[in-house]
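We call the chains A, B and C, going by the order they appear; numbering starts again at 1 in every chain.
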Amino acid sequence: MTDSLLSGHDLHKTYGSTPALAGAEFTIRSGEVVAIMGPSGSGKSTLLHCLAGIVRPDSGTIRYDGRDLTAMSDGGRSALRRSDFGFVFQFGQLVPELTCLENVALPLRLNAVKRKEAEARGLEWMERLEVADLARKRPGEISGGQGQRIAVARALVIRPRVVFADEPTGALDSLNGERVMQLLIGAARSTDAAIVLVTHEARIAAYSDREIVVRDGRSRDMARAA
Amino acid sequence: MNVLRDLRMGAGFAVTGGREGWIRTLLTAIGVGLGVALLLLTTAIPGALSARDERGRDRNEQRGQAAQAGDHTLLIAHADTTYKGDEIRGRLLRAEAPKAPIPPGLAKIPLPGEMVVSPALADLLDSSRGRLLRERLPYRTVGTIGDKGLIGPDELAFYAGNDTVTTGDRWSSVLRITAFGSPFPADPMDPRLVLLVVVMFVVLLMPVAVLIATAVRFGGERRDRRLAALRLVGADARTTRWIAAGEALAGSLFGLLFGLGFFLIGRQLTGVASAFDLSIFPADLDPSVPLAVLVALAVPFAAVAVTLFALRAVVIEPLGVVRAGTPPRRRVWWRLLLPVAGMVALYPLIRQGSESGQFNRGQVVLGVVLLLLGVTAMLPWLVEAVVARLGAGRVPWQLAVRRLQLGSTSAARAVNGIAVAVAGAIALQMLFLGIENDYTKETGADTTRAQLAVSSDAQVGTEGIARIAGQIRETKGVRSVFGRSGTRIAEPGEDSGPGASLTIGTCDTLRELARIEGCADGDTFIVDPRTSNSVGGMQPAPGKNVVIDPGQGPRTSAAPTPWLIPKAARTVPGRADGSGIAPDGVLATPGAVPAAVTRQLPYSMTVALDPAVPDAIDLARNAMARVDPLAQVYTLNETRESRRFANVRTALFIGSTVVLLMIGASLLVTMLEQLRERRKLLSVLVAFGTRRSTLSWSILYQTAIPVVLGLFLAAGTGVALGAALLGMVQRPFGVDWTGLASMTGIGAGVVLLVTALSLPPLWRMMRPDGLRTE
Amino acid sequence: MRIVLVMSIGHTLLGLLESGPCHGYDLKRSFDERFGRDRALAYGQVYSTMSRLLKNGLVEIDGLESGGGPERKRYAITDAGVTDVEQWLGRPETPEPYLQSTLYTKVVLALLTGRDAADILDTQRAEHLTMMRELTRRKIDGDLGDRLICDHALFHLEADLRWLELTAARLGELTLEIRK
């Protein structure tokens, strides 16, 4: 696919003696939402980590926006993650001692945006995710669903081109999970960000445009299977 | 009995609580163990010092034991020397009979030309560093001195056999003895030194208490969660508390064992570590049994008490841990009460201490303890109050400040030890500085004019002095040598009165002692009494009849000789020579005094060296040892410190450094535990592209902020305590800025060390592995 | 794509009448509004149902208007009718266990004939997800009623999908069983 924003080809990764990826393929276009599904332990999170440049695959290539991610240094990939990628995880991702607003503003501040401006922009995103009233609260004082919305706001505050969401609703009930997904998809669509969504729930995967299934470290593009 | 059951159950958890439980127990045991080791060390130090003193006395030689050679007599001469700044104790031995006493640590008296050396000296002589010293000690080494004959393992000492020394009379520097050892008890310590030692012990032991209290709380948060699980299966609140106490008890008991181990290991190390110039034999570090028993009982008891006290504010519910509501705002008034009470206790003692005055030790300890407890009580309040007002700056700063705002108690607790140690040490430094003048004597030496002073009993006469001076002068690195001999003159007759000094030397030498215009051999000068610092005495005048009476002077017993002070004697203003001695009385050239007199007099010299020549001092000393082995050679210093005082000061430095390092270790453990708990969060931050440096700085700030506040408070308290102590010994207030700087510097160093040691694990945890949930 | 609402129309109309008497036409409109979604109720079906209810004494004629348009009867619910609605609402529906599923049959047949059962499962899976995407889109754009109905369908589809996944994971085991 020529217009792909981020793609991985023939990715292999082994932890110790356990193979996590064994020839996985992946591609995503700008503004696209792609779900990565599969049983636990199939390697879907590892695929996400490789694509996001958090983990370097043992072999294979990852291209992002014309650049070869696997050839970049650790520092270069960190810088890329700061500027171009957003992240939402299942839990344990908010810094407990910072207020919600400070959490949201954190990625901007890591990009050397001045505190005032970072927090103003953070607050805008909190408004869009309907959690502006939690700005002064700390993560320990809010519910799980609110926490995930804060996390979504934090992922989107730098206007990333790719959002990586690893089981973003895994710890939430259906109602909160659906709400978070709607907000995430809506907000990402409005900024034309692509979303790489790892989930094991079909209802959550149904928010995607396309899904691939990872089994035993191999990926299968279901659009082609159909 | 229920309590016992719960305690036992808790102890069981400590041992069988899986890997996590083990680690927790191990950390507690290490922390408590370090504390216990320090306690044991402290209880052992007085014994060690007295053992050292005792061995020192046992090998002393006492003057006046025998006047004539007998079948038990030994001639012993001091041949102490200094090599590259290290003092070497030297003795020349000449047995006058087969049954002559043998010095402690020796099997027999070495034969002439042979010597027995201490192990440290043997090493020095073998090393390349000892090259010049080998020339100075031209004896064959035939053995080593046993520990019994040394005060410390690093002492440099030798006994050399000799067959030429003779003793002239009872004041000779060569002694005739029949036994080694001093029959007199050791000097009692000055009450001011006692004060120092008492305060020092309090200052060193308080942080140890803080350390132990911190150690039994290692991993407390995780333990609380485990206790919550126990509540879920039906344990009541009281039971869980005792179970927790049981865990702490088990940890502290292991700690006792560890402590004993650390102590035994550390004791061996003290034998080697001479970094602080205080060497002690391992065997001397023998803790006193009652104190050791006290430690063994007090530590587990304290562990239980601290745990119960700490859990007082924690409510462990079946579904989790609740800190008793919002913790009550820390109030400052009762915290202030402690240091105030401490000052009140110390105040009446101020102006009490005199040279002979004794202190009420209980009151001193109480006051110091209260003051330092005040630090521990004030610090959490101070940290909380200051941190709450800190603004958010850069990201690392923000992370650190917010973290402290959420819970600064554990940080403040860890820093407490440092603060107490530093406060105490600063106070002691001030006290040292305040009484330093008493123990450090201004010698008056002018080290720009001379660097060595020589004094010898050898009666070599004017020509001898000139010959020796000439030989020394030829030595490489020697610039000038002024030799002279001195004696006393007095009124003729039975009741000779106090008399005055007579100094005999060449014109060059005399010019060092007075401002003399013209001088030739045969001239005599009278020192202007207004320029001399001698009080009273006889006032010499030209043409006055006197006797030259070496019996009044040092170390000779020649008969008095009548002498007429030449009428031509001029009065000249005197001046101190390089060794700081200002002349009085009469200065005479050799030609003005009968030669028979000068041959009976001991001599002294001052030597000036060329600073550009390396080892000039030791070359000159070698030359001197060759020419006159019994001469005493001193390096001239502007000040001279009391030896015992220096030891106390050294001990303080060792103690506070060790304490700070141990507290650093506990800070490190706390930090690592915190990092481990946040592994997941760290991985998430890495995913966001957070730089290593950002988190590293954050850790530095997180450690540094409480420590800086602690040091600030410690400086304040230390100066206050120091002022009180100075008041007690009636010395003017003065802050020892170098002491202050060095102690706060050590504190800051500990922060850096803790941060530096936290970084590798931090970086390891910043690997993305923590994100893996699959 | 249709969502077939399996329901009892008689009980539904009765229930709607309980809030007050109304004409047949209004009944139809009110039904369509709330439950119609994909298929409006046929006018004839309203009348046949109402006459059955009338015969059973569950409704009665409340008034009759004529002139202008068609004949307009106003229906009202009787006490017996109210009791009937109450009983219906209180009676649980029998859960449908779908013991004989077509998918299962397909998988077994594929295995018996040596075809790739995994392919069949994946194809079905893709189909299911396609429908789930469609429903999700409608859910996002729709009102609360739409959402509830779509979620109902989504949960069922999700259940199928989980079965597909589980079966995919057990294909090896199943093959052994079948070929015994």
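Here is the rule we use: a contact is a pair of C-beta atoms (placed from the backbone, for glycine too) under 8 Å apart; a residue touches a chain by one contact, two chains touch by 3 or more.
Values in this document were obtained by computation on a predicted structure and should not be read as measured data.
Taken pairwise by the contact criterion, the protein chains link up end to end in a single open path, with no chain closing the loop.
The most distant chain from subunit B, with centres taken as the mean of CA atoms, is C.
A separation of 61 Å divides the Cα centre of subunit A from that of subunit B.
Subunit B and subunit C have CA centres that are 92 Å apart. Each chain gets one centre point, the mean of its Cα atoms, and the points for subunit A and subunit C are 37 Å apart. Not a single residue position of subunit A touches two or more of the other chains. Contacts with at least two other chains are made by no residue of subunit B. Against subunit A, the residues of subunit C that register as touching in their complex are 119, 122-123, 125-130, 132-133, 135-136, 140, 151, 154-155, 157-158, 161-162, 165, 169. Per the touch definition, subunit A reaches subunit C in the complex via residues 39, 174, 182, 201-203, 205-209, 211, 213, 220, 222-223, 225-226.
Interface residues of subunit A, counted against subunit B in their complex, comprise 15, 20, 40-46, 49, 52, 54-55, 78-83, 85, 87, 89-90, 92-93, 95-99, 102, 106-107, 109-110, 115, 138, 164, 166-167.
By the touch rule above, subunit B contacts subunit A in their complex via residues 392, 395, 398-399, 402-403, 405-406, 680-681, 684-691, 694, 768, 771-774.
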